[in-house]
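Each of the next two complexes has chain A plus one more chain, namely chain B in the first and chain C in the second.
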Partner chain A sequence: MYALKRVGQAAVTLLSVITITFALIRALPGGPGDAIRAQVMQSGGSSNVDMTQLNALVESYTNVDPSTPLYVQYWDYVTSILQGDLGQSIWYGRPVSEIIVQALPWTVLLLTIAILLTFAIGIVLGAAMAYAEGTDFDVGSTVVSMLLNSVPYYIAAILLVYFLSIQFGVFPQSGNVSSGLEPSLSLSYVGDVLYHAVLPVASLVITGFGGTAITMRGNAIQEIGEDYIRVAHLRGVPGRRIAVRYVGRNAILPMYTQFMISVGFMFGGSVILEQIFAYPGLGYYLLEAISTRDYPLMMGGFLVIAVAVMICVLIADLTYSRIDPRISDDDAREAY
Partner chain B sequence: MTTMQPTDVSTVEDPIFEVRNTSVSFDMARGESNVLDSVSMDVRRGEVLGVVGESGSGKSMFASALLDAVVDPGMVTGDITFHPESGEPVEILGLPEDEIKRIRWEQIAMVFQGAMSSFNPTMTVGAHFEETLSVHDRPVEAGMDRARDLLSELYLEPAQVLGSYPHELSGGMKQRALIALALVLDPEVLVMDEPTAALDLLMQRNIIELIKQIAAERDLTIVFITHDLPLVANLADRLAVLYAFEFVEVGPAYEVLTGAKHPYTRALLNSTPNLDTPREEMQPIAGAAPDPVSVPDGCSYHPRCPLADERCVEEDPPLDADDPADDHAAACHYVERVREEIPLTLQEVRRHE
Partner chain C sequence: MSERSSTFGPADESAADGSATQWEVYREWFDIAVLTPMRVAWSDWRTRLGSLIVLFYLVLAAVAWVSATDWGPTIVATPSSGQGPRLTGAFQDMAYPLGTNNLGESILSAIVHATPAMIQLIVAGAVFSTVLATLIGVVSGYKGGAVDRVLTTVTDIAMTLPGLPLIILLAAILEPRNPAVIGIILTINAWAGLARAIRSQVLSLRDDSYVEASRVMGAPVSRILKDDIVPNVMPFVLINFVNSARGVIFGSVALYFLGILPSSNPNWGIMLNSAYTSGAIYSLDVLHWLLIPMFAIILLSFGLVLFAQGTEKLFNPRIRARHAESIEDDTAPYQE
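What follows is the complex of A and B.
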C-alpha cells in the first residue's frame, strides 16, 4: 500500500519536473525558439524565411511547435518526453537522448566509486573515532575531517590536477580513457578507465569523507552510551559483534537517507568536476550545452538530474523499512 | 574514618556473596569521588536482599560491583567472593576478562534500571535470546524452549514476544521479557537495579509479585536495589539501607520496617509518601545527601541527625549489633535512644509473608 502511494507521489513529482522544464523553455529570455530562429535568419541572411518551415525546425529540436496553442505544445512535450524523445541537440546535431545515454554511464561510474569510497572510509573512520573518543587519534581525525570537509571539491580537483598530473605526471590530466583504446572488457581497457577515474574520484572522496566520518562518530558515540550496549556486554556478546551489529548498524541507519540523497545531488555536483577533468559525462555535456546555448540538451540534462534525485529518494523511502524495523511500510506488523 | 570490621550482621550462614571492604571510586577534577565507601555485606543463598537508599547513595554501584561491571572509569577495590552452588569460591574482582564473562549471566545475571532500552532496537526480542544462548555455547533449541517457558510464566505470549521488535512491546512487557532474558541461562543470582523505575504503580506491584514467584520456584538469590521502601517491603527477606555510600542498617525486612534502629532509616520511613497521610504530616529529611567527594567525618549522617553530638562528629560508628546473636544492626552510637526520640509515624506496614 505504502509503496503504491509512494510510487504515485513520484509520478506526480516527475510530471511536475517535466512541466517546470517545459515552462523554463518558454520563460527563458532568448529561449530555444528564438535561438533557432536567429540562427536560421543569420545563416539565411534574408528576411523572407518561411515561418512554417521555421516552426517545424523548432519543433524537431524542442518537441514544441510554436504555432500551436499552449496546451497542445504542453501535451506534445510531455508525450514525447515520456516516450524517451528529449529533442535534438543543436550543437551536436544528434538526439539528446543519445548523448545522455552515452554520457550517463561515465558519470554513474565516477559517482558510484566516489560515493561508496566516501561512505566506506567515513563510516569506518567515524566508528574508530567513536571508540577512541577523546584520544589524540580522535581529536586529530576530527580536525583533519573538518578541514578536508571545508575544502570545495573543485579546489581539491584543481590542486590534484596541478600537482599529480601537471607537475609529477602520475595521473592523466583529462578524459575518461586513453585515445585509441578499443572499448572492451579487457584488463588494459578497464585498467585505463579506472586510471583516468582516480583523480576525479579522489577529489570527491578527499573532500567528502570528513562529513560522513563526523556524523558517524556522533551517532556511534551516542549508541555506545545506550543501555542495550551495556546489557549486551554483560550478556557476554563479543566486542566485535557489538561493534558491528549493535553500534555500527544503529549508527549507520540515520545516515541511509542521507546516503541516497547524496547520490542524487552528486549528479548535479558532477557538472564542474567533469569540466575540470574534461570527463565526458553528463555534467560535461550539460556545461557545454549551457555555454553553447544548446537548450534541448540543457533541458535533457536537467531532467535526468532531477529524475536521478527523485529515483534515489524513492529507493531510500521504499527500502528504509527493510533496514530499520521501527519504520514499517505496511500494516502487516502489529504493536502490542 | 575507622575501618569497618566484619561483624555478625554482615556475615551470614551459607553466603552466596561475601563482600568485604569494597569501594568504588571515580577520579574527578575536584578530587576522588568515593561512590561506595568500604562496604561489607553478605548475601545469603536463596534470599531476597533489598538494598535501599536515596538517589546517589551508591546503590547502583553496589549492584554493578557484584558483577565487576562498574562503568569506566570507575575503580572497584576490595574483595567480593562468589560461592557458586557447586565448585570453588570465586574472587570476582580482578578475574580475567574471559572468566568474568563466563560468570556473568551464566551465574550472576542483572536487570537494569533502563529496562525500556535494554534491547537492541534493530533486533527481534527472540534474537537477543538466541544470541545470549549461542555466545555462552548453550544448545539454542533447548534454550529457546526454556525461554518460552519463562515467558509464559511471566504471563507473556512467547511466540508473539519473541517475534517482536522491542518497540512493538509495551514497557511492562519489555520489562518481563528482560527478566526472562536474564534467567535464560539459569543463573543463581539475579541482581536487579531499580527494575521497576520506569513503570506505573500497578505494573510495579505486578512485576514484584512475579519476581517473588519466580525466585521461590527456582531457588534464585535476588539482590533488589531500589529507592522505594514500601515497594521492596513485600518482597525482601532482609533489607540493607545505604546512606552516603555506606550501609547504615541491615536486618530482617520486617524488623527494619517496624523497628528501624538507625535514625536515617526511621527518617526515611517517616518521609515515605502515603496516600492516606495528609500532606502537612509528611516529614521530609532536612538537609541534603552528602557529596561523594567530601563525605562528613565521623558518622556521615551527623549533619542531618537530631541525635548527633560530639561523639558522632569524631567517631564513625561501626555497623554492629548490641547482641552478637542479633541479626539486625545499625551503624549508630545511640541505637538505644533512637526508638524513643524518633517515633515512627508509619501507620501500617503490611506483614511480610
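What follows is the complex of A and C.
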C-alpha cells in the first residue's frame, strides 16, 4: 500500500516537472519559441519565411507547435517526453536525448562515489565523536566539521584545482579521461577515469562529510543516553555489539531523509562542479545550454536531473519502509 | 505554556483591562520570544561567536550603506576602476589594505560594498522560505486528514525538484535584478525540506495534553496554532532560518560566479568570477584577489553554522538530556 502510494506520488512529481518545463518553454516572454523564430528569421531573411514552416521547425526543436491550442500543445509535449523524445539541441544539432545518454553516466559516476564516501566518512567520524564526547578529539573534530561545512563545494574545488593541479600538478585540472584513451574495461582506462574523478569527488566529500558527522554525532549521543542501551549494558551485551547493532543502527536510520535531500543537492551541485572541472556530465551540458540559450537542451537536462533525483528518492523511500518497520500509514490520525 | 493557553476566553475581551492584559501578553511574548533566546544564546560559545561574526557583517553592511549615501562620511570608498595601482598585493599598501584587482579596484571596497546586497538577499530568501515552511508544516501537521495529504504531496514534489538547476533556469530566463527577488528565487524550493521537518515536530505536539485542553475549550484552530504550536517549534524554525541563510549565500555566490545573474549588483561571487577568469588562479602573486572573497564567504557561513549548531544544542532537549546536570529540568530523563 505504502509502495503503491509512493510510486503514484512519483508519477505526480514527474508530471509536475514536465509541466514546469512546459510552462517555462511556453509562457515566458522571450522563451524558446521566440528565440528559435528569431534565429530562423535572421538566417533565412526576415520576410519570406513561411509561418507554418516556422511552426514546424519550432515543434521539431521543442515538441511544442505554437499554432495548436494550448491543451493540444501540452498533450503533445507530455507524450513525446514520456516516449523519450526531448527535442533537438539547437547548438549541437543533435537530439537532446543522445547528448544526455552520453553525459549521464559520468555524472552518476561522480555522484555515486561522492555520496558514498561522504556518508561513510561522516557516519564513522560522527559515531567516533559521540563515543568520545567531551574529549579533545570530539571538540576538535566538531570545530573542523563545522568549518568544512561552511565552505561551499565550488570554493573547495577552485582551491583544489589551484593547489593540487596548477601549483603541484598532482591531479588533472579538467576533463573526464585523458585524450586518446579508448574506452574499455582495462585497468589503465578505469584507473585514468578514477584519476580524473579524484578532484571533483574530493571537493564534494571534503565539504560534505562535516554535516553528516555532526548529525550522526547528535543522533548517536541521543541513542547512547536511552534506557534500553543501559539495560543492554546491564544485561552484559558486549560493547561492540551495542555500538554497532543498537546505537549505530538507530542513529543512522533518521539520516535517511538527509540522505535523500543530499542526493538532490549533489545532483544540483554537479552543474557548478562539472563547469569548474570541464567534466562532460549532465551539469556541464545544462550550463553550456544556458550560455548558448539552447532551450531544448536546457529543459532536457533539467528534466533528466529531476527524474534522476526522483528515482533516487523513490528508491530511498521504498527501502526505508522496509528497513524501519515503524514507518506506517499516516492516515490513521484524526483530522482537526 | 499551559498558562498562556488559558489567556483566551471571553473574560479577556472586556475593554478596560483588556489593553493592559494585551500589553502584558506582548511583553511576555517579547521576553519569551526575544530576550530569553538571546540570554540563552550568549551562554554557549558557538552561538556567541556565531552572533559576533554575523554582527560584524551587519556592521560592514552599515558602513557600506553610510559610505554610499550623500550625507554620510565616506568610510570605505565605493569600488571604481583606477582607484589605485593595479594588482597590489594584500597588506602591502595601507591605502588598499586588502590589495587591488586588475582594474585597480580596491578589494576592501568591493568586499564591503557587496555586503548590503548580500544581507538583503539572505534576509529575503531566509524569510520567504522559513515563513512558507512554517506555515505549511504547522498547518499540515496539525490539521491532518485531506489538508495534510495535499500539502504533504506538494511538499514532496517541491523537495524532489533539483534546487540548483531549477534556480539556474529561473535566473537565466527571468534575469532578476532586485536582491529580494533573487533571494526568493534562490530558496524557491528550499522551504520543502524544512516544512517536512516542522510537520513531524508538530505531529508530536498535536496530541499533547495542553493542546488537547485548548481544543476541548473550543479555541479556534488559528489560535491553537499561534499560541500552542508555533512557540514550541520556534527554536527549530530559528535553526532552519539560519541554515537557509547559508543556503542563500552558497547559491547566490554560485550563480554570480557562473555569471548567470546580471553583474550589475556587487557580489563576492562576481569578484570570484573575475579573479578566476582573469587568470588569478595561475599566479601566486595575485592569489589574494581570489582568496579574500572566498574568506568573506566562508567566514559568514561559518558564523551562521556556528549559530545554528549552538542553538540546536541549547534547544534540542534530546541532545541536552545527557548534560542535564547543569540545567534544572524535570523533563530530563532519570539521572543517577
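Everything that follows uses one rule, which is that the second predicted complex is superposed on the first by the 326 of 336 C-alpha atoms of A that agree within 3 Å, B and C clash if a C-alpha of one lies under 4 Å from a C-alpha of the other, contacts with A are read in each partner's own complex, and residues count from 1 in each chain.
The rule is short, and it goes like this: contacts are C-beta pairs under 8 Å (C-beta built on N, C-alpha and C of every residue); 3 or more make two chains touch, one makes a residue touch a chain.
A quick note: this is a predicted structure, and the numbers were derived from the prediction, not measured.
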Looking at the overlay, does A:I214 come into contact with chain B only (first), chain C only (second), both, or neither?
-> second
Figure out whether A:V237 sits in contact with chain B (first) or chain C (second), or with both, or with neither.
-> first
Pick one for A:M298: touches chain B only (first), chain C only (second), both, or neither.
-> second
Could you say whether A:Q275 touches chain B, chain C, both of them, or neither, answering first, second, both or neither?
-> second
Which partner does A:N149 reach: the first (chain B), the second (chain C), both, or neither?
-> second
Which of the two partners, first being chain B and second being chain C, lies in contact with A:L164: first, second, both, or neither?
-> neither
Partner chain(s) touched by A:A132 [first = chain B, second = chain C, both, neither] = neither
Examine A:D227 and indicate which partner it touches, taking first as chain B and second as chain C; both and neither are also allowed.
-> both
More chain A residues in contact [chain B versus chain C] | C
For chain A, which residues belong to both interfaces, chain B and chain C?
-> 227, 333-336
Please give the residue numbers of chain B that touch chain A in the complex, ascending.
-> 67, 69, 71, 101-102, 104-106, 109-110, 112-114, 117-124, 128, 131-132, 135-136, 160, 164-165, 167-170, 173, 181
Given the complex, residues on chain A that touch chain C span 9, 12-13, 16-17, 20, 24, 28, 30-31, 133, 142, 146-147, 149-152, 154-155, 158-159, 161-162, 166-167, 214, 218, 221-222, 224-225, 227, 257, 260-261, 264-265, 267-269, 271-272, 275, 283, 286-287, 290-291, 298, 301-302, 305-306, 309-310, 313, 330-331, 333-336
What does chain A use to touch chain B in their complex?
-> 226-228, 230-238, 241, 245-246, 249-250, 253, 324-326, 333-336
Mind pulling up the chain C residues that touch chain A in the complex?
-> 142-149, 152-153, 156-157, 159-166, 168-169, 172-174, 193, 196, 203, 206, 215, 221, 246, 249-250, 253-254, 257-260, 272, 276, 281-282, 284, 287, 290, 294, 297-298, 301-302, 304-306, 309, 312, 316, 318-319, 321-322, 333-334
